[in-house]
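A short write-up of the structure that comes next.
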Amino acid sequence: MKIATSDEIRAIAGVDTRKCMKCGKCSASCPAYNEMDIRPHQFVSYVQNGDVEALMNSKSIWKCLSCFACVERCPRDVKPAKLIEAVRLSVIRQRGENYLSPDEIPALLDDETPQQLLMSAFRKYRK
Amino acid sequence: MPIDNNENKEFKPVIVAFCCNWCSYAGADLAGSSRLSYPADVKIIRVPCSCRVNPLFILRAFQKGADGVILCGCHPGDCHYSTGNYYARRRMTLLFSMLDYMGVENGRTRVEWVSAAEGVKFSQTMNEFIEQVRSLGKNVRLEDLRCKKN
Amino acid sequence: MQEKLVSRAKELLSDGTVVRVLGWRKGDTDFSAEPAFFESAESLDEFTYDGFCGANLSKYMIKASKEEGKTLVFLKPCDTYSFNQLIKEHRVDREKTYIVGVGCDGKLDIEKIREAGCKGITAVTEDGDTIKVATVYGDKELKREDVILERCKACKGGKHVAYDELAEGCDEEKPAKEGRFELVEKLEAMAPEERFAFWQNELSRCIRCNACRNVCPACSCIKCVFDNDRYDTAQKANTTTFEEQMFHIIRAFHVAGRCTDCGECSRVCPQHIPLHLLNRKFIKDIDEFYGEYQAGEDTDSRAPLTNFTQEDVEPSIVKERG
Amino acid sequence: MQRIGVFVCHCGTNIAATVDVKKVVDVISKEPGVVHAEDYQYMCSETGQQKVIDAIQNEHLTGVVICSCSPRMHEGTFRKAAEKAGLNPYQLEIANIREQCSWIHKDMEEATEKAVILARAAVAKVMLDTPLTPGESRVVKRALVIGGGIAGIQTALDIADAGYEVDIVEKTPSIGGRMSQLDKTFPTLDCSSCILTPRMGEVNAHEKINIYTYSEVESVGGFVGDFKVDIRKKARYVDMDKCTGCGLCQEKCPSKKNLSEFNRGLSNRTAIYTPFAQAVPNVPVIDTANCIHFKTGKCGICSKVCAAGAVNYDQKDEVITREYGAIVVATGFDTISLDKFDEYYYNQSKDVITSLEMERLMNAAGPTGGKVVRLSNGEHPKDIVFIQCVGSRDVTCRGKSYCSKICCMYTAKQAMLVRDHYPDVNVHVFYIDVRTPGKNFDEFYRRAVEEFDVDYIKGQVGKVSEAPNGRLLVQGSDLLDNRQIKMEADLVVLATAIEPSKDARKLATMLTASMDTNDFFTEAHAKLRPVESPTAGVFLSGVCQGPKDIPETVAQAGAAAVKVVGLLAKDKLTTNPCTAESNPLFCNGCASCEKVCPYGAISYEDRQVNDHGIRETRHVAVVNGALCHGCGACTVACPSGAMDLKGFSNRQILAEVDAICR
Amino acid sequence: MYQISREKMPELLAAVAKEMDLFLPVQNNGITNFGFWTEDAKVDLDTLKTVKSPKDAFFPQSEVLYSCYQKANKTSIEPAALKDAPFAIFGVRPCDVRAFDVLDRVFLSEPADVYYAARREHGIVVSLACHEPEDSCFCKTFGIDAAEPQADVAMWQVADGYAWEAKTEKGEKLTELVKEYLTEQDLAKEVEAEKEAIRTLIDKMPNSNLSLEGWGVGKTKERFDDPKWKELSDACLGCGTCTFSCPTCQCYDIKDFNTGNGVQRYRCWDSCMYSDFTMMAAGNNRTTQMQRFRQRFMHKLVYFPDNNDGMYSCVGCGRCVEKCPQSLNIVKVIKRMGGTK
C-alpha cells in the first residue's frame, strides 16, 4: 500500500491541522470512540506529526460512522471526520484495498438493514 | 553589509525613502546613533504616517530621476494613528502590483515595517534595497526624458 | 420594446412622477444614438433604444440631480452598478431619480463593425444574433457576438442592482460571462520586458483627450488632479511616455475598488487602448488579496481601499509571486 | 518673495568631522530664496539660538532651515527660538544631517553632497510652509461615565475625588453591574457585595457625582473637551424625590411572576421592583410590560399603598442634554447566548446552568438562599460537572475566537466553594488549558485540586444528555488517559464565553470610537495608550475594551480616571496645527476620507461655494481640527487632492521629492 | 506623370527617409496614426482616416519653446531650435491638405508663429486621393474634392500601384530624389477613371451634400442664442476627442515644466471643450459645457469664416463623427440647426 503524505491528507480534507488546540471535543463527541484504536483527536496530531501510515493501517477508519458530530462541534474548524475520510480514501483508492466485497453482503443482511445503508457502505468502503 | 565600491562605482542610484515620523524615522535615527552605515544614496523624507504617502509622490520620484522608492512605517498593529499603515499597506500593494503589471521592475519599490527600536533592521533594509536597485541599474522604464541629467 | 419604453416615459411625465427623461435620442444614422434629456412628450418621439445605446447614462445623473424635480433614467443592468457607486459617493440623489431598468443583449460597437471591413455604411439593422450592414460598397452580415462592445464580452449577468421598475422582459438573469480576467492573466504571465513593451506601445497612442476620464462614472471629481495646477500634476498633453504612464496609473488607482468594470473607458478611447485591462488588474488583485468585491453591487459597503484587515497581504507579495 | 536663512551646525565634530560644513553653507547660500547661511559649533546652544533669532530679525527671514541633528531632538527648541524672534514656529524645518548623514557615512565628499541635498529638500519644504497657529478649544469640567458597574463606579469616584463633576449613565434601574451579581471573588474569596456595596454608597453620596440610572445615551455631538450628550431618562413611574424606598409597593404588587433579570431568570420579581436589596438608588421602577395597571388600566395598588405618593403612572421619558469634557465608556459585558450549543443541553435541561447563574445560586441573597440544588427538582446534587471554554476560543460562527480570561479562575472558585460547603459532592472540571497568570492565581487553582480534591479532567465535553434515571449524562474525553468518559451528573455548569454588551456597537457609532471585529472597543495604542480610544476625549474602562477580571478592571478604571483628570485639568486645549484641511472647491463629497479617518474628525456639510464664478451648494468634507491628529490617511484617500495636510502638504512633499531627485 | 508600384513603395519611402524625416501613416496594433518612418514601421497607406490628423507635422501636440537653466546664480535661456531641414509628410488626404490652409491662416498671419512657419517652409506634402471614401466623409460640403488633392505631390491609387504627380517646385525636388523608383507613364486615363469613381462614391455618402444654410459669415446673432444648443450639448462629456483628432483645431496652452535642472516652457494643444480652457483668475469665461460646445462649432462654422473671407475651419474629414464617445458631432449640429438637410 502506498502511504499518503500529511500534505496530501490535508489537501484532500481541506483542513488545517495546525488550528487544533487539543481540546478533545471530537473524541468526546464520538459515538464510535470505543471501537477505535486511534481516536479522532489523535488523527489530527498523527497527521500533523506525519504518521499517516499508522492511520492508514488503523481500524478506526472503518469504524468512523461519518456522523460528523466532531465536525459540527469542533471549536477550531479542524473537522477530524474529514481527515478520517481523507485517510480512508487514500486507502480505498488504491488497487485491491476495498474494505467491503459484495460476497460479504449476504451474511450481513437482515430485515432491519435498510437498502440505503448498503449503498452508502459501498460508497464509503469501496472505490 | 559592506558595500562593494569597485564593481558599481559608476552607478549611484537615487533612492527616496519615505519614513513615518513615529517608528521608521526614529529607527533611522537609531541606525544613525548606532553608527550603522548604509550608502548615502538614500535620502529620507519624513512623513507623519505611512498613510500620508500618495502614489503620486512615488511616481513623481521616479519621474524626477529616482531609481528606487522605499516606504517605511510602523509595524502593522503599531501605528501611532492605529490604522494608518493598514491603509498604506493596501495602497502600496495595489500600486506596486500595478507597476509590476506595467513592466516596471518590482525590485524598485518596497515597503518595510521598521520600528523605532529597529536601527539594525533599518540599516540592513537600506543596504539590501540599494544593492537590489543597483543590480537593476538605472530606472528607464518610468523615466521622464526631460528630467534626464546631462 | 422601444414603444413600450416611450409610452411608459410619457405616462410618468404626464402623471408628474418625473419632470424629465434621460435616455437616448435617435441619431442621423442607425448607429449614432446619443444620450439625451427629454422634457416633453413630443420630444420623446425621438427616443430610441437599440443596439447602439451602449452609453452608460448613470453619470449624467450627477448633472440631473442638481436640477429641480425628478428624472426618469433608463439604465441597463451594468449601468445600475455605476449608479449605485455614485449613490455611495453622494454624487447623485436617489430621491430625484426614477430608474427604469432596461434589458440588454449586448451592445454593438460601430468601430468593430468598421474593423470587420464595413466601409461607407448606410444602414445597420439588428436581426437577432445577425447584424445586417448595408454599405456603399455592398451589404454584409455579421454575427452579433463578433461586434459587441468589449464590456459585453464580460457581461455581469443582466441583473439590475438598482431600479424602481423593470421594463418588460428584462427580469431574467443570465449567467455572468466567464473569462473576464483572461487577458490580464495573459499579461501577467509575460516577462516584465514584454509587459513593459506591451503597455508602452498601447499607451504611446494616448492623445490625452481625457475621454476615458470624462466618461468614467467613478471619475466624478469636480476638479481632477490632472486639471489642477496646484500640485504640478496638471498635464494637457503627454509630453513624454512617463506622462502617459502617470496619467493612466493614477487614474486606475483612483478608481480602484470603485470601478464597476463598466468598460466605458475602453469603449470611448479613440485610440482603442485597452484601458479596461488596467482596471481589471486592480479588480483581480483586490479579489485575490482582499476577497471578492464588486463595486456598485450595493450602496453601503466599504470600498477595498478604505478598508483593511489586520491579516492583509504585505506589498512584498508582488515580488514573491514572481 | 521668500527670504530663507540656513544654519548649519557642526555639533562639535559630530557633524563637522564628516560633513564639510563650510561647503554646505557655500553651496546652499546660492540656492534661490536663500538670503542668509551660516555655520556654528553648536546651534542648539544659547549662542547658536541667538544667531538664529538675530538673523530672523535682521534679515527679515520668512523661513528658517536648521541643518543639524534629528528633528526629534531639537525641532521644539528651534521652533521656540523662531517664535521668540517673531517668526511663526511652523516656518522652520530641520535637515537631519547628523543621524541620517554624518553618523552613517565616512566619505567626506559623499556625506557633504548628501548634506547639501538634504538641506535643499528642507529649503524646498520651508518655502511652502505657511504660518500655522494651534487652535484653542474649551474644556467643560465634567466627565460622563457610561455604565455603572465596578469599572464605571471606580472611574467616577477617582475623577470626582480629584474635584471634577461626574455623571454616570446606567441603563438598568441600579448601578452595581455584573459584580453585584457575583457571590465571592477570586482569589481571596471575599464576598463580592461586601466590597462593592460600600463603593456604591460612596458614589451615591458623592457631591460631585450625579447618577442617571434607567437611562441611556441617545446621541453624542461635539468633540474632546466639549461634548454634547443627549441622555434619555426612561420613565420609572416612581418619583425619585418622593420615594423613601420602604418597599411596600413591591410587597403588595399582585403581578409577581415576572422573571428576575438580576437573578438571571432563576427567580421571580414583581412588576414594580428594585433589582436587588442593595440597589442604588433604592427606588423601584415599574415594568410596564407586566404591570396590570399598564396592561388593563385597572389595579393601581402600588399607587394606593405608597404613603409618599411617589408612584406616578403618567411619568414620561425625558431627554436631557448635558455637556462634558470627557467621556468614559464602561459598558461591560454579558454572557453569550447558548442557542447554538445544543450539545450542552442548556436549553433542554434546568440542571444545566451558566456560571453566572451558578453565582446567583451560590449567593446567600440568591433564589435558593445560597443553597446549591438541582433546579429541576430542588434536590441536593451528588455530582457536579464544570465545563470550561464554552464558546470561548471557538473560531466557528458559534463562538468567540478569544479567551474570556476569567473562566478558569471563577470555575476553580466555584468548584472549591462547592467542595467546601458540600464535601459529599463530587466536582469534576473539564478543561482544555488552565490559565492562571495573576497574583496568587495558580496557587488558588492548585488549592482547588490539592486541598479540595476537585477532579480536573484534561479534555472537552462532547455531549450532555439526559440519562434514563433523570440525571444528566456527560460524555467527554480524558485526553491524558486517552479514554472517553461517560459520567452521570446532577448539575452541569457552563463557563460561558463573555461578550461586550449588545448596545456597545450603537454607542461606538455615536462616539465615532472604533471597535474590533468582536465589538470590543479599540484602544488608541495597544501598548502605550491602552485606556484611551483613538477618538480624542473618549476613554475606556473595564471589559468593554477586552476581557479582564475585577482587579484589572479597577486598575484600568483608575488609569482612565487619571487620563480624564489630566484632560479636565486643562483650561484650554491647544489643537495640533498640522491637521488636514479640505478645499471645498475641489471636494466632491465622495466620503472616502471620512471612511479612513480613525478619529471621526471629518464630517460633511452643505456649503455655498464660488468656484471661479460658478456659485452652487456642494456637499463637502469639513475637518474638525480639534479631533484631527494629522496622520494624513484622508489626503491619499481623496482622489481630487482636495484634502491636504498642513505642515506636510502635497506640494511640500513633492517639492522635497523634486529637491532630492534633482 | 509617374507610376510607382506597390512593391516598390517601401523602397521609395526608405529612400526618402534616408534624406529627411518622413512622417506618414503607421499602423500600431490595428490603429493607424501619423508617425515617423522607421525600418520596422508598419506603413499603412490604405486606411482612409488616421485617428489623429497629420497636423502634428506642423503643429505638434506638444513642443518646447525654450528652456531656462540656472547655474551658480546665473540664469540662461535657450530657445528651441527651429526646423531647418526639409521633411516629408506622406499619404495626406485631400481634406487634411485643406486643413493645412486653415492652420496657415492662423499661424502665418502676422505676427507669424516662427515654429510653425519653419516647419511649413520645410515640409513637403505628398497627398493621396481617397480611393474608398467612408460614410463619415463630408468634405464635399466644404467644396473639397476628394479626387483632387492639392499638395506638393499628388497620388492616386491605380491598378497595381499609385500614380504620382508633382504639383509644386518642392514636389519636383522630391520627385527628383526618388526618380529611380518611379517610372514615367501616361496614366491620364486611369487617373481620370479613379477620380470619376471617387466622385461617384462621395456622392453616395450620406453627408456629402449638407446644406450650410444658416452658417457662415455674419450668422453670429442668428445662431448664438439658438435654443437647440442645449439639447445638442446635453450629452457632451467635455473631453477633447473631437479637438485632438481634428485637423484644424489650433488652440494651445503654454506651460512650464520643472525638470530639476531647469524649466522648460512648452506649448501643447488645448481644447475649448475643457473646463479649464483659458482659465483665468476669475475663472473660465465659458462656465457651462453648453457654452464650450457652442464655442467650438460657432468657431468652425461662423467666427472663423467671419474673419477669414468665408473660409470654414471644418474640412469634413469626419474624424469627430466617428470618434465622439457619445455620437455628438458637427454633422448633427449642421443638420439640426441649419434648417434644411
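Order of writing sets the labels: A, B, C, D and E. Residues in every chain begin at 1.
We take it that contacts are C-beta pairs under 8 Å (C-beta built on N, C-alpha and C of every residue); 3 or more make two chains touch, one makes a residue touch a chain.
Note that the structure is a prediction, hence the values are computed from the model and not measured.
J.: Check every other chain and keep only those touching both chain B and chain D; list them.
T.: C, E
J.: Treating chain D as absent and keeping all other coordinates fixed, how do the remaining chains group by touch?
T.: In the absence of chain D, as far as touching goes, the chains form A | B, C, E.
J.: Sort the other chains by how far their Cα centres are from that of chain B and give me the top one.
T.: Checked the centroid distances; the maximum from chain B is A.
J.: Which pair, A-D or B-C, has more C-beta contacts?
T.: Ranking A-D and B-C by C-beta contacts puts B-C first.
J.: Compare the CA centroid of chain C with every other chain's and tell me the farthest one.
T.: A
J.: Need the CA-centroid distance for the pair chain A / chain E, whole Å please.
T.: Averaging C-alpha atoms per chain gives centres 78 Å apart.
J.: Based only on mean CA positions, could you tell me how far chain B sits from chain E in angstrom?
T.: Computed value for the inter-centroid distance: 46 Å.
J.: Averaged over CA atoms, how far is the centre of chain C from the centre of chain E? Could you give it in whole Å?
T.: 30
J.: Counting only Cα atoms for the centres, state how far chain A is from chain B in Å.
T.: One centre to the other, that is 52 Å.
J.: Quick check: what residues of chain D touch more than one other chain, meaning two or more?
T.: Counting only residues that touch two or more other chains, chain D contributes 596, 611, 637, 650, 654, 658, 661-662.
J.: At which residue positions does chain A touch at least two other chains?
T.: None at all.
J.: Show the residues in chain B shared as contacts by 2 or more other chains, in ascending order.
T.: 55-56, 64-65, 77, 83, 87, 91, 144, 146-147
J.: Of all possible chain pairs, which ones touch?
T.: A-D, B-C, B-D, B-E, C-D, C-E, D-E
J.: Which chain D residues qualify as touching chain C in the complex?
T.: Listed in rising order, the residues are 585-592, 595-596, 604, 611, 616, 618-619, 637, 639-642, 650-651, 654.
J.: Mind listing the chain B positions that touch chain E in their complex?
T.: Touching chain E: residues 64-65, 144, 146-147, 149-150 of chain B.
J.: Using the touch rule from the top, collect the residues of chain B that touch chain D in their complex.
T.: Within the complex, chain B touches chain D at residues 14, 16, 21, 25-26, 28-29, 31-33, 35-38, 40, 43-49, 51-57, 60-61, 64-66, 77-78, 80-84, 87, 91, 123, 147.
J.: Flag every residue of chain E that touches chain B in the complex, lowest number first.
T.: 257, 259-261, 264
J.: In the complex formed with chain A, which residues of chain D make contact?
T.: Against chain A, chain D makes touches at 343, 389, 393-396, 398-399, 432-433, 458-463, 475-479, 482, 484-485.
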